[in-house]
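Here come two complexes built around subunit A, the first alongside subunit B, the second alongside subunit C.
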Partner chain A sequence: MKVAIFPPNSMILADMIVRSGHEPLVVQKQMQKKVTSPDLDAPPFNMTENDPIDGLKYAAIEVPSGVRGRMSLFGPIIEEAEAAIIMYEAPYGFGCVGCARSSELTVFSLRRKDIPVLELDYPTSRDDTIEMVHKINTFLDMLKDKESDSDD
Partner chain B sequence: MIKIAQLSCGTEYSGVQKEIEKAAETFGAQMVMPDVNLDDIDEAYEKFGLSCASSSLKLMIARAMSLVEGKNEADAVFICTCFRCAEAAIARNEVRRLIQNYTDLPVVTYSFTEKTKASELFIRMEALTTIVARKSVLAREKQEGLTLGIDSGSTTTKVALMEKNEIIGTGWVKTGDIIGCANDGIAQALEGTDYKLDDIEAIGTTGYGRITIGKAMGAKLIQEEISVNSKGAVYLADAQKGEATVLDIGGMDNKVITVNNGIPDNFTMGGICAGASGRFLDMTSGRLGVDITELGPLAQKGNYRNAVLNSYCIVFGIQDLVTSLAGGASKEDAASAACYSVAEQVYEQQLQEIDVREPLIQVGGTSLIAGLVDAVQDILGGINIVVPEYSQYIGAVGAAMLVSGLKDSEVDDSKRFK
Partner chain C sequence: MSEKDKDIDSEFCHIPMGDGTYRDSDQKDKITRMIILGPGCSVSSKELLNFLHMLELPINIRLTCYGANLNGYPDLVMEAVEKARELDPNHIFIKFRGFPPGDPRRCRAKRGGAREGFHQIEAEYKLLPDVSVALENPRHVDLNPPKKVELDEFIDIVNEYDKNKK
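Now for the complex of A and B:
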């Protein structure tokens, strides 16, 4: 199953999803497409003025350009997502969108979709961390069961 | 290579980072991102005291703190964030204050959209690099020899001929064909003197058409209007020592520049809405059936409170004017309200972004509209405003004055621009 994550660049969450046999939808893949595509000229991200315009599909014209630019990357991930794991209050090192307004809109867009969503707070103790890993694994197993049911 | 520290949020995701870098490179500068450790970000922004939800703004603050604490070096600072982001607007302004309070670095702030192009940033980058690279030229306080300054503005082209620290001729032409207008202005300035164009020792150009005219005329100095105008203003107002603020409400954009000992150390430029420009007053005088030169005295006789005119847009502003006149407002009151409206918008959009330092030197063609000067003074609580003689020629005078310092040097800006 295709699982979106928030923060959308969290390698830890992505790794857990891969280990469970699912496909993580991460922003790095979207960026890779831009970096390796020819005819683009704005390294390192190869974002151009057209990206915030593409982001209009997900955010209105009144929304700042940086939010719309981010949404041009996150939006296709959200569209593709069949499930999502959202982590709140994560430190920068865990994964980071950089912009509070983009975070709000991304989380809102994931919640709005009719897909299974696991929402968690970033753990602050060892016990909380163990519980968090357990919750994620249970959620991913549940997705696997759901996938097998639909295949049957 | 001049290093400009970039303190920003959203430039990459807006697709404008390359435009910023291109603008800097055009003027021989390089954008640098001050290095900060991930672990230092929280500490820096907590020390700064502004709580931001966006981590990129926290990074921007941490980068600013690293400059202030001397952990990173730069010659100038460019602060920019997304247009319309309220959180970023607060952070941008506070970071600007921090840099200005604790360093001597020239600072420029800007809010961008995805449509921001390098050409819009040219004047800001050029001004930053000029302030750093031409400090000695900007330190000049007297004009020498026979020099000519051309200010090719959006509405009018101004020319000043100077000799031995005196203005001996001026030209004033409505801008149309850039080169043709400059030639007409030069002819006006030379009229009544015994000089010909060939006698002039050096030419300096500024304003929108500065590069085109400068290249065509072999100008030794081609310089943006921020540094040139501020120099011309403090020269004409005899305020070369100490602090001052220069306010130029132009035909298309407005500039507010703070100056310390004749060298600009901060400025803002506005121009998104024509409702806050000289163009609006030009249209108002047309609607009132008076010449623009009569608008100021007319406004001084009126009371702005008797006419509602507070639109932020030139189209709606004129609609307000028509409605007010239809509602019985007098021409005097409408003229006063138009001046007050422009002054109020300049205050709200620009003067609040800068620490206004007395005296305020009001310049440009609009400074001749006495009603507008009164309105600015009123809005700023009775601040000391100076309108020097030749205030409408400050760009041309500044260019003529500054280029006199280059007339015997190897510097030739006409060869600098391709």
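Now for the complex of A and C:
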């Protein structure tokens, strides 16, 4: 099952999804498509003129082009997601206003989809971290059961 | 653009470097994975590198301070990743990476300073000891949030507490 994660570049979340036999939808895969294709015009600026246009699917024309450009990266993740794990207040998810609004829009779009979503807070203590890992594993096992049920 | 240039574009990845130069890359069908050794891992990055070399797979391996970067065709990279993880499953973590190793647009040798993704690894590295403990002791937990206490029940509890206090 394809599982979207938030923050979309989290190593721990992606690694645990791979361990449990699912496929993580991470932003690095989207970046890879961009940076290894000949479409990019002027690196290291990673945005092309088509990106804000692609982002129009998720945000209105009044929304700044930076947010729409970022949504063109997160968009395929939202589209393909069959389940999602969202971690709030992750320190490395912090960024400028464009990043913050794109993050809010991504989380909103994932929550609005009719898919199983696990919502967690970024752990601040040892016990919280262990609890978080157990919750993620339980959620992923539940997805696996659901998948095998639907196959039957 | 001539027909020949078009063929080159479709066959290789013709990446402009931003300074007027172009780099022909063979990265089109290749993937990159980072192997990150968590704290308390039973192998060092040098041992990991030797192990990966001994696999004799045609992939590009780059030794780093946190582990290794692997670049190559998907099936070969995934084979190496799975075998490397078996060395110490609870302390070895895998991260995806978009840019190939040594890419001049991101490599710190060209840009100076840490690559952007390194700060994120640094932040998550602090959680890895506890994640390893949890992976060693797997347990299923209840995902439903605890139910809220009814108002009447809460009033009873407060009253009982007050009565006991007096």
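Annotations for the structure displayed:
The rule is short, and it goes like this: the second predicted complex is superposed on the first by the 142 of 152 C-alpha atoms of A that agree within 3 Å, B and C clash if a C-alpha of one lies under 4 Å from a C-alpha of the other, contacts with A are read in each partner's own complex, and residues count from 1 in each chain.
By definition in this document, a residue touches a chain if its C-beta (ideal position, glycine included) is under 8 Å from a C-beta of that chain, and two chains touch if they have at least 3 such contacts.
It should be emphasised that the depicted structure is a prediction, and the values quoted were computed from it without experimental measurement.
When the two complexes are overlaid on subunit A, subunit B and subunit C sit side by side with no clash. Geometry note, superposition on chain A: angle between subunit B and subunit C about the Cα centre of subunit A is 100 degrees, to the nearest 10.
Contacts of A:G66 after superposition on the shared chain: subunit B is touched, whereas subunit C is not.
When both complexes are overlaid on chain A, the residue A:T36 reaches subunit C alone and has no touch with subunit B.
Once the two complexes are overlaid on the shared chain, A:R126 sits against subunit C while remaining clear of subunit B.
Of the two partner chains, subunit C is the only one touched by A:N9; subunit B is not. In the superposed pair of complexes, A:A100 makes contact with subunit B only, with no contact to subunit C.
If you count the residues of subunit A touched by subunit B and by subunit C, you find the higher number for C.
When the shared chain is aligned, no partner comes close enough to touch A:L56: not subunit B, not subunit C. Applying the stated contact rule after C-alpha superposition, one finds that A:I115 touches neither subunit B nor subunit C. Superposed on chain A, the gap between subunit B and subunit C at their nearest CA atoms measures out to 6 angstrom in whole units.
Shared contact residues of subunit A, touching subunit B in one structure and subunit C in the other: 41-45, 92. For subunit C in complex with subunit A, the touching residues are 9, 13-18, 25, 27-28, 30-32, 36, 93-100, 103, 105-106, 117, 119-121, 123-124, 127-128, 130-131, 133-135, 137-141, 143. Those residues of subunit A lying in contact with subunit C across their complex are 9-12, 14-15, 18, 24, 26-32, 34-38, 40-45, 91-92, 118, 123, 126, 129-135, 137-139, 141-142. On subunit A, the positions that touch subunit B within their shared complex are 41-45, 47-53, 62-70, 73, 92-93, 96-101. By the touch criterion given at the top, residues 9-18, 38, 41, 52-56, 59, 81-85, 87-88, 112-115 of subunit B touch subunit A in their complex.
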